[in-house]
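Just so it is clear, A, B, C and D label the chains in written order, and each chain counts residues from 1 on its own.
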């Protein structure tokens, strides 16, 4: 899960990372009050669970409380990439001399955390990686031993820092490592880490994505998520609550299957035969008929869906359970769309009987089913 | 440094170890108030930085607030092994079904933490080790990997716990390990870990000794020490403030030297020639003349001292610095006692000149000096 | 001939008293896998359908010193400890079925396994099967058949889809491995390709990849340099959008890495036959073998 | 012949820009030790009396690949990191002069050294000296003389006392090692005895122990089993009371362990000559050699 900037900064604060003086506000008046307390030019930043808020106009400068109020009012009215802004962070504006990048993420292929450092902060690090690869230092940390002081210094040096700057940046890397470990981070970064004109090092921005699987260790975050405050859409959230994965796409065919790889292959087959998936739902392993019922409801909730393809390969998942879920769902679905079912594997015979009794046709071949659902989807378009 | 029981319990609480409901009191009235709040039979425990308070009468039971007040008054008047009682801990009295021992300390020879667990809690664990060695399970933890869950369970099992009891005890060991690591402990133990009649596991006592060398990581403890609240005597504290080690002994000869091994050997030599050391002071490596002056002042502050033996072997320590310190000290010492000096090594010649100028005799041989100081000490006794 | 597991493999089931553990222990035993014992901390001394339950891996190994593999059905928050325990006890193959294990935990026990020289299969894997000899997993056994094609996959049900195609077409499998759907898994395509290359019982290998990460690109580099046997590859998620997790935590295209196109191109360049539909595996193999 | 360090040893001084580091780097070099370079993070590029300063051990090793030993003068709170850095860079002998290092830190880097196969001398040690060849420490060099007696000690100045006695009596030393005064130290009596036993340049070994721990008892057990050369032992602190730390953090009798009597008895039983005064070392050696 992605954390709000102000949440990430709280984690940073606990690790001893220096931050700009700031306050959070949910109304323009509150924002003005924070600006008064800070008594200096400020920057007003939209708190949203998405990237690119700067380009979208979600970051504005203000010279005084009155201006802060105006700017905060503007930002609080915005919706950035589908996320309505509900809070702004009002921060002291810094006198920037240099912008640095430090970050830690997980390198899948090496199976290790990778610490990244660059003298080119304040811009998209992937762009720096493309255009100035020599400006980026990377270090793969031993996940058992953790990041050691001397390693942090070497990373900073490799990125091009010398003398006291090297020691400063190393200190930030070590504290960021604490954030990474303590919060089960998938990614944490400071971009930019600012050196002010008087030589102070400050974490101006903060990013922290926490591994969803670790939330049993992070109760406060789990609670925030349970209130529905997350970067997910409503349907994604509903699916997750039922232990399923839902992804929104652009087409008009709903895709349900058991197992992520199979659902992706199903999606690819639909495209192969000229169709276009509207969404993607993986019911997961060993799903019950209840879950299948929910899956159908969620997929059909998407207004663009004009046909549904259910692809079941019974392993731990039992075909009879799935069939029962489909039959149940059809009774209560808000609207009727053609449903094409492909079903083989464990308890296939029992599942077949259930579907036949309810007069629901099904196929054995994934490709045949894909062709059929594409036909249905095109009928709908007509 | 040794922590008070209530301090140790605060560290336990932070690690999630279950403790009896309790409150701290510095007066009998406060103790009665705590007992009222707890609303149950209580135990009143002297908070002192020494062991054996139970045998000394520093732990008393009380059935109600009035009795708590009486018992607390008694305990708050006590001095246990030289430590006046300034606080009592008033705790809910537990319904004991079983007493368990769990502890972690450092095994010098294996250079590892050793986790110790026994079904025989509530008594001195060293006594259990002597009389029932088979009742004690020990496990040497890898200091890099730390104690793992499965290891904790195995320790509990090896100590004789089965089923749910094994899981409970393992949980305590893991949390105690957190205490050990987080507090740079030399020793931490729960004795007894109590199983109540209703099957709850509770840390009834708490012991925690923190490595003095780690105090830069434990600011609150360092501050408590700096206020002079410690298990050390006043002279030990004064010496420590000057970076020296002082130990009180039983005889009448003060011993000063540079280097712990040398001072011990000096002490042994004094005994060898029939004398008896009153105290032991190691000025440490590279001491200045100031430190030597302080050393002499501290050693002579001990009223039993009738002669002093200063044994200097100049390495990083310079003989001239030491000689200057001795000359300085003699001017200001509160009382005059015979001082025998043995001095060789770095800047021996310069040191000799300083001492000669001040009319202070010195020797080159440790054994000759030891003999001489023993003679002086016996003159004093006459 | 097979890789990693065969009829001599002696298996410990970690978490044998749980619903899943119990069910699959029995299913594996029925398949012919030598399930020797199980563990559940606190339940040592019990029996599950005649299989003895121990409190710890060490105790199970004391009783049955020939145990050399384990399969883990322990809940996510305890799974890392179970895996570490198995690695520490020196088991050679540790299959982690459990999904939703925190990735930091995974990194740590995978590193410990590397030091110790243990193979971790998974986490979040259906397991490994050597048809007719040893099933160390939760896959439906009937889609697999003894044979000479190696199968390596990042996916569960999709593996069964491909295995069923193979089996129906008469191509049995030497061994089939599910690598697991998490971003971080123990065994990689490269590790498995190496073992199949060395295995005299394997004539060709089918790899089933998906979007996300660059395990397939690494496989391609390895194939180019070290693999002499034929490789057929299928990549799921060609039509998946960027930045979305497609069910598997690991199936995500981030920036320029992890795209199906990148993987397909790399594999083609390395000389692998890349198929567009699972069903095409049959035809591709017929051309090769 | 000598142990651990000799005229070929190439030394790195960690913390060379500090007062102590600078002073002793020069003193060692004057003695003849090959001081090749030094480190102080953040001060790379400087020079100290012609010795180049690097930011890290790795950078120093890149420039001087033959560096195989280091000596650490870094303040206590940074010393563990310095030691770990040296171990990680593969240095064979790492001498830690620093005192007051937290014991948890010590346990960790000593364990890492064990895995890596590096020798840690200290912490809280005067160092090691092979008279006439290499001084890797802070001891006053003039009390040592080239010769054939090995010297192992837990103490600093007491070592000089004994070394001076030896030297005055005409017994030079092959190598003299200060193990360090902390409860936890890297090299033990047993490690050092083994090296002296194997060293053709050593005829007899003198060990200087003290109360606390059971390193001397372990040494006794080892001597009994494995040491053929004569051993003379002195134990300081016979008259120390129980439960008091006698200057060294490690010098404490706790319960029944760590007493001088226990150590003396064990060493006598193992065949060592135990002397009562440092000065007696001369006579004891004359009887033996």
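In the analysis below, a residue touches a chain if its C-beta (ideal position, glycine included) is under 8 Å from a C-beta of that chain, and two chains touch if they have at least 3 such contacts.
Predicted model only: the values in this text are computed from it and were never measured.
Chemist: Specify the chain most distant from subunit D by Cα centroid.
Modeler: A
Chemist: Please work out the Cα centroid separation of subunit C and subunit D, and write it as a whole number of Å.
Modeler: Here the centre of subunit D sits 51 Å away from the centre of subunit C.
Chemist: Any idea how many Å lie between the Cα centroids of subunit A and subunit D?
Modeler: Averaging C-alpha atoms per chain gives centres 55 Å apart.
Chemist: Would you mind listing the residues of subunit A that make contact with two or more other chains?
Modeler: Subunit A, residues with two or more chain partners: 144.
Chemist: What are the touching chain pairs in this one?
Modeler: Those chain pairs which touch are A-B, A-C, A-D, B-C, B-D.
Chemist: What part of subunit D is in contact with subunit B in the complex they form?
Modeler: For subunit D paired with subunit B, touching residues are 76-77, 99-104, 106-108, 110-112, 126, 138-140, 143, 153-161, 164, 181, 183-184, 188, 208, 210-215, 218, 234, 236-241, 244-251, 255, 276-279.
Chemist: If we count contacts the way the header does, which residues on subunit B are in touch with subunit A in the complex?
Modeler: Against subunit A, the touching part of subunit B is residues 144-145.
Chemist: Subunit B touches which residues of subunit C in the complex?
Modeler: 41-45, 55-58, 78, 81-82, 84-85, 88
Chemist: Provide the residue numbers of subunit A that touch subunit D in the complex, in ascending order.
Modeler: These residues of subunit A touch subunit D: 148-150, 153-154, 157, 162-164, 166-167, 170.
Chemist: Could you pull out which subunit B residues touch subunit D in their complex?
Modeler: Checking each residue of subunit B against subunit D gives 106, 108-109, 111-113, 126, 142-144, 181, 184, 186, 211, 213-214, 216-217, 245, 247, 249-250, 257-265, 267-272, 277, 280, 282, 285, 313-317, 344-346, 365-367.
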